[in-house]
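What follows is a structure written as structure tokens; I'll ask about it next.
Residue numbering begins at 1 within each chain, and the chains themselves are lettered A, B, C and D in the order written.
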Amino acid sequence: MTATTPQTPATPATAPRFAAPPPAPPWWARLGGPAAFTAVALLALVAAPLLLEPFRLNLLAKYLCYAIVGLGIGLAWGQGGMLVIGQGVFFGLGGYAMGMYLKLHEAGGDLPDFMVWSGVERLPALWAPFASPAFSLVFAVAGPMALAGLLGTLVFRRRVRGAYFAILTQALAAATVILLVGRQGLTGGTNGLTNFFELFGQDLAADGTQRGLYLVVAVVLGVLYLGARQLLRSRFGRLLIAVRDGEDRVRFLGYDPATVKTLTFAVSAGMAGLAGALFVPVVGIISPALLGVVPSLELVVAVAVGGRFSLAGAILGAVVMGQARTTFSEQFADGWLYLQGALFIVVMTLAPRGLAGLAGTAREMWSSRRARA
Amino acid sequence: MGAVINQLPIGLSIAAVLLLIALGLTFTFGQMGVINMAHGEFIMAGAYTAYLLQDWAGRQAVPVALPVAFVVAGLMGLVLERTLIRRFYGRPLDTLLLTWGVSLLLQQLARDLFGAPNVQVRAPEFLEGGLGVLPYNRLFIMALAAGGVLAIWIYLNRTAQGRRMQAVMQNRQLAAVMGIDTGRVDMRTFFIGSGLAGVAGVALTLVGPVGPALGTYYIVDAFLVVVAGGLGALRGAVAAALALGLLNSYAEFWTDASLAKVVVFAAVIAFLQVRPRGLFVLRSRALT
Amino acid sequence: MNGALLEVRDLSVVFDGYRALAGVDLTVQPGELRFLIGPNGAGKTTLVDAITGLTRPAGGTVRFEGRDLAGRAEHEIVRLGVGRTFQTSVVFEGLTVVENLDLAASFRRPLWALVRRRRGVSDQVAGALEIIGLAELADRPAGVLSHGQRQWLEIGMLIVQAPRLLLLDEPVAGMSAAERERTGELLTRIAADHTVIVIEHDMEFLRRYASAVTVLHEGRVLVEGPVDQVRDDPRVQEVYLGRPREGAAGGATGGPVAAVTAAAAPPGGGGTE
Amino acid sequence: MRKSAWRIGAAIALISAGITGCGASPAGTAGDAASVAGGADTIKVGLLHSLSGTMAISEVTVRDAEMLAVEEINAAGGVLGKKLVPVVEDGASDWPTFAEKATKLIARDRVATVFGGWTSASRKAMLPVFEKRKALLWYPVQYEGLESSPNIFYTGATTNQQIVPALDYLKEQGKKSVFLVGSDYVFPRTANKIIKAYAAANGMKVLGEEYTPLGHTEYGTLVNKVVQARPDAVFNTLNGDSNVAFFKQLKSAGVTAKDMPVMSVSVAEEEVKGIGVDNIAGHLVAWNYYQTTKNAANDKFVAAFKARYGADRVTSDPMEAGYNAVYLWAEAVKKAGSTDVEAVKKAAGGIALDRPEGQVTIDGDNQHMFKTARIGEVEPDGQIKEVWNSGKPIKPDPYLRTYSWAGGLV
């Protein structure tokens, strides 16, 4: 054959490969540790609500919402090799579903306030079903999943992947923001949906409600984490990693990688949607600015910082970056952009496996030293 | 019918802007698989170069700045390539995040150096006025884009350096086996690709704002051009820029600017259904 | 021709104007062990690629068990019972040996059934581990395997899928003598109850294990027949020992790479004969 | 699993510790905000603007002006004998961050009042926070009206103090047709609704209405549409960087201020520099204040501002409104004798001060200001020359209830 015969499976432009391949054994998949998980769960569910003042607890709830998105990104990107930089779109879709419900509830049969300002006279048909909380919640998850499923089917079936896919999701985020902003009478425009006071009869400003919401978010995150971990330990999880590392080879095992990727993408979008729905009552607003390219990228970076190959790392990254952002902007605002930029560069260059990877390396060093002693 | 004819030059001029920006990207993305999110900030650097040169060149700053900005942005690209990107070959997705970090740093740096408000770059006298609906500054940008394409074509096909660059673009390992110093070629590619961004930046001072956020306004569209055009294909970039530019201008004319953006995105997705790897693509048998 | 497992008729493949295959005919009967040889650029891997759906043919037909394979996706062709390996082995380095095999073995399960965890090792996988001799490495990540072990793992992954036709692309390339020996034994064992097509350069290997051989040259079938007869054929000798014509074929692609490839191509195993 | 879980555990513990650590500062029960803010001899006030992100360019200037006012008041002895302590927070051009920081300022820092916001979106995001926590916000930017929160004082113009006078001026100048160009968000759309109602009632023709996404920089098509429609004037509600692209591309299409003036309501002295004087000279703007406004209070403000921040800095309408806000609040506190929100609100109505823009009076009913409308023309030196004013302060009417033609709007 001529030398154009198949090379090692890596043309730089398309292959999602890693210079330093992740440590081969998927350690997180084989170490069972219900005790450790319980400890963290207790800390999050009992200690945090008791120790944190309401303002901080509310912030933590917000970070945990981002952590849910991070979990989805970890699944799609870390495990499945699909870099999504449009995750904000799904987050926003969930958020808007919840926001629409709250807005209609607030209006109590009248038109929502922003529609009045925008000169809308009758409730648009699109809004009608969101009067039902059940529909809104279901849509918050199913809507993003359906959109991701559609995009995934269109894109993955045609074997668009890697950088192309990343760029398309980015363009999707940009286009969605423009669409939301432009349809002001329908979406509230740049202002988004805000001014919510009540959720299921509970005063959203009350500390008790916020504590309850925090617990809901924490429990949802915990459940999703366990579910995702279970998924990864299954054959499907192995298949997902196989798709990440050698998509074409998987085809020759008789699987259709497009299906695997589309499903995973949809699951991760569903997580983002749920996170968005939880975010709205916690923070009190959903607006296009929350789902554009920049917030989407920030989420991805948070996952990279935490450690993309580890689900726990993805969660950790979202929480740490959220807290870092708040702390920094309280101390010196201008520094945040420098710090954020520098942080990506350092993490991507020196610790591509993120905090989780660093912790792993440190632990290995420690245990090997102990073994020698 | 009048609208169709009237919008044509506007579409072409949008295409020219897109092409100028995307030209450098096709290089760095196509050859090296680097998704350079900091490309927008190299454009910004070019624009600020023109701004700074005003002290010295006055209203001739724009033409004077073209070569200077090419070198300035090119050197920035070179430094980026040497210090960071070289560690990331074969990890295109990581370069995306890495260079995004770089772009944040550069934006903040521009804010600290030049202030957050936009600065003014005065257009030279000879670019005032125009032919019909087409102002001279638009013609200038179109000429610049055409000149850029021509120069690159000549470089790629008529010089030894350019041929080496093509060889690396088509098969990096093999080129290395052949004794081509791929490291040098990468450096050169990045220099040229980034330098073109600088040139684009100078051109953009004629039609748009000059401020720290300049790069962010163009980067998404530019990437769409690259995706639709196909990796590293010069003719692909030209065709895609033309198509997207015209589509943009007509869609905006018949609907509105917001909807036009959405239409363009939908069109690219639809197009990828037909040509998943873009318009023109180098056939490769590599298994990924 | 009735009853043939694989029937390739007038198959042609074109890369950017270069005809990699120019009307190949190939018939393989059930139970056969067929070797495909030919100098560099003869189109051997292209032929396998076209059969397995990796490359779209420009013309001609490929029929497997009477069914036309044209236009089917790779995974569909695998599901029909055609399995292949690659010149450069591609196993999943992030998974363990047993996970690699298990994944291969599960390919007929519906996707939802995959959500459950694997419990233990199925007989099928255990058997394959035994055959390829990697039982004691079962729980090691595939990333740590040697080149030879990877090739065997790939073959193992094929076996657990129970394909009706196996296509092996240079299974012994780059192997040590001992590894070749073991691969040969493996091949013999597999060929006993499978239909196998092997692309091979290594003449020594060919002499020891081949019965029927097809020689490709410049995208066409040059000779076909028992190994001794093929070896003595003057046309084959000309192709292998005479004027090197593959350079001219390579040059047709044009552009810098073609020039590079022609010169850079290492002397293939085929030239050793 | 064990290891990774421990990792999150450790991180959460660490973060919790950090959070509670920060929280250990002046705590106490949350809820009642202001009356004892800052302790015995100081009063804390919050300044909440975007110091980073896309809006920083505008909002930092307002923060600077507010800071100047705080310093001046402190230099003059403070309020009720107490020094003001500014607590500066960054809204980061991100609306939820505004809500978050507002909560922090009220609940954690326990400030007496907050001066902040620029975009309507940031105000809308903060509004429920201030209403729920019964706190006070001073919002310094002209906006689209249709709002009157009991917990917000609006020191910028509402529509009848900016948009309507601008239209009056155009009508007076004999402009019979306008083309509406705006960024695609709340203010332009609302403003254009008002303009269309006004035009219908006053025999003006609206020849076109176009919106572009925020940050849009490609105006070839839009300029083409404007040129083809040949309006007597263009009413421009574009925001930020889009103005630069629009004016540059309008000029290169050969449109001059003489034959088609553009009336802008979001272009102030600061923006003129970035657009380039060449490109905008001769065009019109509508505000309540210019750096060139003639009176003693303004001479003092401009001099003080340049002395504090540098001679090359310019002052603008939103800066002046922010600067006023601090003085108006201080005056209300003096009158009330307390920083208690309810007392301050009650005292505020009717307060009248001579400010750089002329006399400003607080309307106790809707908590907006009586302001004088001023139309300006951009001069070749980048300054804005007043060409018309409303003569006396206009009573604020955020819902345009006193304008018969606006009947159908709300």
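Following the convention adopted for this analysis, contacts are C-beta pairs under 8 Å (C-beta built on N, C-alpha and C of every residue); 3 or more make two chains touch, one makes a residue touch a chain.
Because the structure is predicted, anything quoted here is derived from the model rather than measured.
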Quiz item: If you average the C-alpha positions per chain, which one ends up nearest the average over all of them?
Solution: A
Practice problem: Could you tell me which two chains share the largest number of C-beta contact pairs? | Solution: A-D
Quiz item: Based on CA centres, what chain would you say lies at the far end from chain B?
Solution: C
Quiz prompt | Intercentroid distance (Cα basis), chain C paired with chain B, Å | solution = 43
Practice problem: Return the distance between the CA-based centres of chain A and chain D, expressed in whole Å. | Solution: 34
Quiz item: Centre to centre, by mean C-alpha position, how many angstrom separate chain C and chain D?
Solution: 72
Quiz item: Where does chain D touch two or more other chains at once, residue-wise?
Solution: 184, 211, 213
Practice problem: Spell out, as numbers or ranges, the residues of chain C touching 2 or more other chains. | Solution: 54, 86, 90, 257, 261, 264
Practice problem: For chain B, jot down the residues that touch at least 2 other chains. | Solution: 171, 174, 256, 258, 261, 285, 287
Quiz item: What residues on chain C touch chain A, complex-wise?
Solution: 40-42, 44-45, 52, 54, 73-75, 78-79, 83-84, 86-88, 90, 92-96, 99, 102-104, 106-109, 111, 114-118, 141-144, 157, 161, 246, 250, 257, 261-262, 264-266, 268
Quiz prompt | Partner chain A, residues of chain B touching it in the complex | solution = 29-30, 32-33, 35, 84, 87-94, 96-98, 100-105, 107-108, 112, 171-174, 220, 223-224, 226-227, 231, 256, 258-259, 261-262, 265-266, 268-269, 272-273, 276-277, 284-288
Quiz item: Tell me, which parts of chain D touch chain A in their complex?
Solution: 1-9, 11-13, 15-16, 18-20, 22-23, 27, 30, 51-52, 88-90, 92-97, 99-101, 103-104, 107-108, 119-121, 124-125, 127-129, 132-133, 144, 146, 184-186, 189-190, 193, 211, 213-214, 409-410
Quiz prompt | Residues of chain A defined as touching chain C within the complex | solution = 1-9, 21-22, 24-26, 230-231, 233-236, 238-239, 241-242, 244-246, 248-257, 259-260, 263
Practice problem: Spell out the residues on chain A that touch chain B in their complex, using ranges where they run on. | Solution: 3-7, 9-19, 77, 83, 85, 151, 154-155, 158-160, 162-164, 166-168, 170-172, 174-175, 178-179, 181-182, 246-249, 293, 297, 300-301, 304, 334, 337-338, 340-345, 348-349, 352
